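I've put the structures underneath this note.
Two complexes follow with chain A in common, the first pairing it with chain B and the second with chain C.
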Partner chain A sequence: MGAIAGLVLGAPYFLERRAVDLSGAVIFAIIGLSLNVLIGYAGTISLGHQAFVGVGAFTAAYMAGQQHQPFLVGIFVAAVIGGIQAVLLGGLALRISGLYFALITLSYGVLAQESLFNIQSLTGGGAGAFAAIPTGKREYYFICLAFLAIVLYADWRLMKTKGGRALLALRENPRVASTFGINVKVYTLVAFAVSGTFAGIGGALLAHRDEVVDPTGFSFQLALLFVLMTVVGGLRSRTGIVIGSALFALLKVIVQEVPGFERALVRWDLTLPILAVAGGVVLVWRGGPRSKIAGGVLAGVALLVLSPLSVPWLEGRIDQIPPLTAERASGVVGPIFLLLVLTRLPGGIGQLVRPVQHWLRGNPWDWSVGRVKEVQITDVRA
Partner chain B sequence: MLDRLGGTGRVVGVGIGVLVVAYLAVSGQTQALVIGVITGLGYSLIALGLVLIYKSSGVFNFAQGEFGTVPLFVLYLARLWGMPYLPAAVLALAVAAGMGWAVERAVIRPLFDASRVTLLVATAGIALLSIGVTFWLNDAQAHTVDPAVTGSPSFTVFGIVVSWQRFLIVAVVAAVGLTLTWFFNRTTLGLAVLAASQEATATNLVGISVKRLSSLVWVLAALLGALAGILAGPFEPFGPGAITSKFLIPGFTAAVIGGMSSLPGAVLGGVIVGVGQSVGASGDLLPSSVPGGGAVVTFALLAFILLIRPQGLLGKS
Partner chain C sequence: MSVLETQNLGIRFGGLVAANDVNLRAGEYEIVGIIGPNGAGKTTTFNMITGFYTPTTGRVLYRGRDVTDLKVHERAALGMGRTFQNVGLVKGSTVRENLLTAQHLLARYGVAGGIIGSPASTDDERTLRRRADALLEVLNLGHLANTRVAGLPYGDLKRVEIATVLATDPDLLLLDEPSSGMGPEEAHTLGDTLLDLRREFDLTIMMIEHHVPLVVRVCDYVYCLNFGELLAEGLPNEVRHHPEVVRAYLGEDVDAEHESV
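The block that comes next holds the complex of A and B.
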């Protein structure tokens, strides 16, 4: 535990020029936790979460830029406004559920980006709104970390109370939950309020980190990225979501900072066949009869590509494909993670972390702790 | 078509339609009306693909827009390498068909028993992956590609200027509509697809492979998406994710308005969304300080139909 704490607290010192990116990772963790309240606890998917975050960001920028309020007041107002707009949208979720609600949130996100965030008097229109960073870049990281701690604590307390158990029950089956005296409507709205408040805080922190907010930053691809990092992190696993969100926020930084990683990506025409040979060998060694054949073919083809005969022939052709730089790679690697989690590792990163937590509490090592059969977003409501 | 509408749906649908058309005609915006209808027919092509997939696998396919963007890039590259238009378009359609088949095999089939929302997230992942790969190969640069009809770009009917490319969209939607009607009513294969969508287990029992039908439907849907991309792509410069960002939400709205399982409904819904957006964008609906009227109208249409008539205008309740 001490090592992890040291790593988190010391990060902005040994990666000083990356302090802004590190703050981003913490903010993404807050946003991931916010989305987890909806998808993981309440079982309603939100594909418009960039609007939740954007409302917080523009509110904070409005409070700082046009009302000249101090930083903390801006964050507080952003959290409140974020909660209110989420409850308004949640009102629709009471009547529209499952797949159709996903469409509504998606459409709401685009509406926010194209219309709300472009209203000149509130958001500065296309030019963007300004919000100064209140401290130095490194100190700001610790401010974000403090807010993450508050959000984590609130989330933990929420799930320990009657309200949290009610949310879990209504995700499993709203009808059964209401038979047990749980007010489904009220608790759905509570989930939206909590999620919107968290997202508002995240958005406000994001606004002050970037110092300028403009509507093009809140495209629906961002909403898909939020869903992606939450699912890969592992629904209902706080630790997993914090790690998953930070991982996605830092994907570019990791590629650039880990020695040799970016070089390996740029020379993917060599790296990929080497990985294919390794994968093929593993398949031949461990797999069943059919995968042995497939592995053999894979390794054979990869060896052929690597052989000195074909390299000069390929060289001229592969050069026409742009190199896979860090920025480009993050767009390709993330979705592959998602598809792998959905088909192979339903508990996400949370599933990998669970045995470690179990072991740290003094129990014997057990791989099967926290194993999940499928990515359960919602069962009945869809 | 109208007799399938219920009482409320008939009154609401027809009433709004007449009001909007009358308003546009009176205020002299016939040009905007025609453009809106034709843009809407483009949305219909996406909506038809969404409906086909929803009928056969119960999936909301968020990758449908990418079935349009990827062929558009293929068409652009093929033209860049000096291929004539027709072979290039055929190549683009072939790539789309392959993509539809691959998506079904690699992602949909392994998740056959998963919950529908999980599948939705999976298709969204495919869309993101496709955007990521096109971004890698292309960066964020915007390109333009030739329209299918070059030379004389437009003609005038009753004082309304219509470009030949837009006319082609109308013709293609009509042809697609006729083909799909024929396919589902007159061919054994079409009947088999309908049977599988209604009762998969029984269809399997009478010796029809539901898995193969599922592949077929995904290929068909990908082809429809590709048609939307190739025909509507040339109007504006496009970059990675172009068709997804411009067509996916209107397409879904159109499909939902039509009832999510009705093919004529999808076409009707597309036209409603197209006309609605052109009213929204005309600046008469919202105060001028609030931009983005098209997106506001799309959201309002979607929320309205889901609250008032969730089974859609032409869907069965």
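The block that comes next holds the complex of A and C.
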């Protein structure tokens, strides 16, 4: 525990020039928790979460830039406005559900980016709105951490009390929930309110970190990244989501800071076959009879690609594919992680973390604690 | 005044008449049984009583009040509790969490109060937890409190479901096949449990049940439904031997009926 605390608190000191990225990781964790309330707890979905965050960001920028309000007032207002806009959208979820509601959230996100965030008087239009960072970059990281702590506390309390229990019940079985006296409609809106409030806080922090907010920053791609990091982190696992979100936010930094990583990515035409050879060898060594054959073929093909022998039809084609850069890493790593989670690790990172938590509480080590057997139907019912 | 009364209750789905002219009555502290072959409209009737279906005709009266237009959760707040044929529990949660969830209306703090951790919320939570554990003790389920519902055997699920619905603090309990999945002995014990619970919690119970010995033993009055209509009603032993009922529900062969009962 101490080591983890040391790592989190010390990060901006030994990675000083990355303080801005580190703040981003903390903010992403807040956004991941916000999305988790909708997907994980209430069993609905938001594919327009970049708009939730964007509303918070522009509200904070408006409060700071045009109303000249102090930083904390801006965050507070952003949280409230974020909650309100989410409830308005959530009102639709009461009438429409499933795939069509997902489609509506998606459209809402695009709509917000194209119109709402371009209202000149409120957001500065395409030029962007300005929100000064209230402290030094390193100190700002700790402000973000403080807000993450608040969000974590609120989330923990929510799930320990009747609101959270009502959400879990209505996600799994709205009919049963209603026989418990739970007003399913009201609690669906509660989920949106909480999620929107968290997202508003995240957006406001993001605005002040970047000091300038402009509409192009809130594209659909961002919403997709938010969903990816939440699912990969592990729905309903606070720790998993914090780790998952931070991981996605820091991918660029990790790629650039770990020696050799970036070069390996850029030369993926070499890296990939080398990994394939290694994988093939492992399969031949440990796998069953069928895997041995597959491993042998894999390693053979990979060696052929690596060898100076020229394969005529491959020649020149590999070079046409642009090298992977650190900037684009999340676009490639994200889907790979998602695939792994959906097939091999349904509980996401949270599933890996739970045995550790169990062990830290003084119990004997047990890998099977918190194992999730499959992605639950209700998680994709949306 | 009766606790529950349905007047000419009927529902049609498109051209199909699922229930027609169903008149049921449950007096204070009575245990009323509903029997009938599969597809007779028993669960459909339950769904109209609890508010999942809106009846095409007729009314549902709860303690003399017309509740036909109330939502499911509003009827729950009046004191209607129900169980489901295929077990109405939150399967991803533990047994105790289910009982806590079911006490939703007994927690008087708001969601926001819970989030900031108001003193009222911590007080209430402590009370709810104590009450949940007490209920589990009453039903001899204390040892399962921290077990996830998903892994429990069917018989245990049915008993946990009864504990959970009791946690909602009902006046009227609507049980949909409480003994399904139980052997004869378990069903017998369930009969004792139901009689005990009625005394202890001042309950009125209406239950759909196939297990005839259980119905005969605990019910004060029995209705038999067939093809969505009332076929017979009366004291358990009268209904059981009613020729129409024997034909519709227990098969043509009366001798075989005696063996199976």
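Note that in this section the second predicted complex is superposed on the first by the 363 of 382 C-alpha atoms of A that agree within 3 Å, B and C clash if a C-alpha of one lies under 4 Å from a C-alpha of the other, contacts with A are read in each partner's own complex, and residues count from 1 in each chain.
The rule is short, and it goes like this: contacts are C-beta pairs under 8 Å (C-beta built on N, C-alpha and C of every residue); 3 or more make two chains touch, one makes a residue touch a chain.
Note that the structure is a prediction, hence the values are computed from the model and not measured.
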**Request:** Applying the touch criterion given at the start, work out whether A:Thr59 contacts chain B, chain C, both or neither, answering first, second, both or neither.
**Result:** neither
**Fill in**
Per residue count on chain A, the busier partner among chain B and chain C is B
**Request:** Tell me which partner A:Leu224 touches in the superposition: chain B (first), chain C (second), both or neither.
**Result:** first
**Message:** I'd like to know which partner A:Ser23 touches here: chain B for first, chain C for second, both or neither.
**Reply:** neither
**Asked** If you stack the two complexes on chain A, which partner ends up touching A:Leu92: first (chain B), second (chain C), both, or neither?
**Response** first
**Message:** A:Leu106 in the overlay: touching chain B, chain C, both, or neither? Say first, second, both or neither.
**Reply:** first
**Request:** Starting from the residues of chain A touching chain B, keep only those that also touch chain C in the other complex, and list them.
**Result:** 376
**Prompt:** Which residues of chain A touch chain C in their complex?
**Reply:** 154, 157-158, 160-166, 168-169, 172-173, 175-184, 190, 194, 376
**For the chain B and chain A complex, residues of the former touching the latter** = 60, 107, 110-111, 114-118, 120-122, 124-129, 131-133, 135-139, 241, 245, 249, 252-253, 256, 289-296, 298-299, 302-303, 306-307, 310
**Fill in**
Residue set of chain A touching chain B in the complex reads 45, 47, 92, 95-96, 98-100, 102-104, 106-108, 110-111, 113-116, 118-121, 125, 219-221, 224-225, 227-228, 231, 321-322, 324, 328-332, 334-336, 338-339, 342-343, 374-379, 382
**Asked** Which part of chain C faces chain A closely enough to touch in the complex?
**Response** 50, 52, 71-73, 76-77, 81-82, 84, 88-93, 97, 100-102, 104-105, 107, 109, 111, 114-117, 121, 125, 165, 168
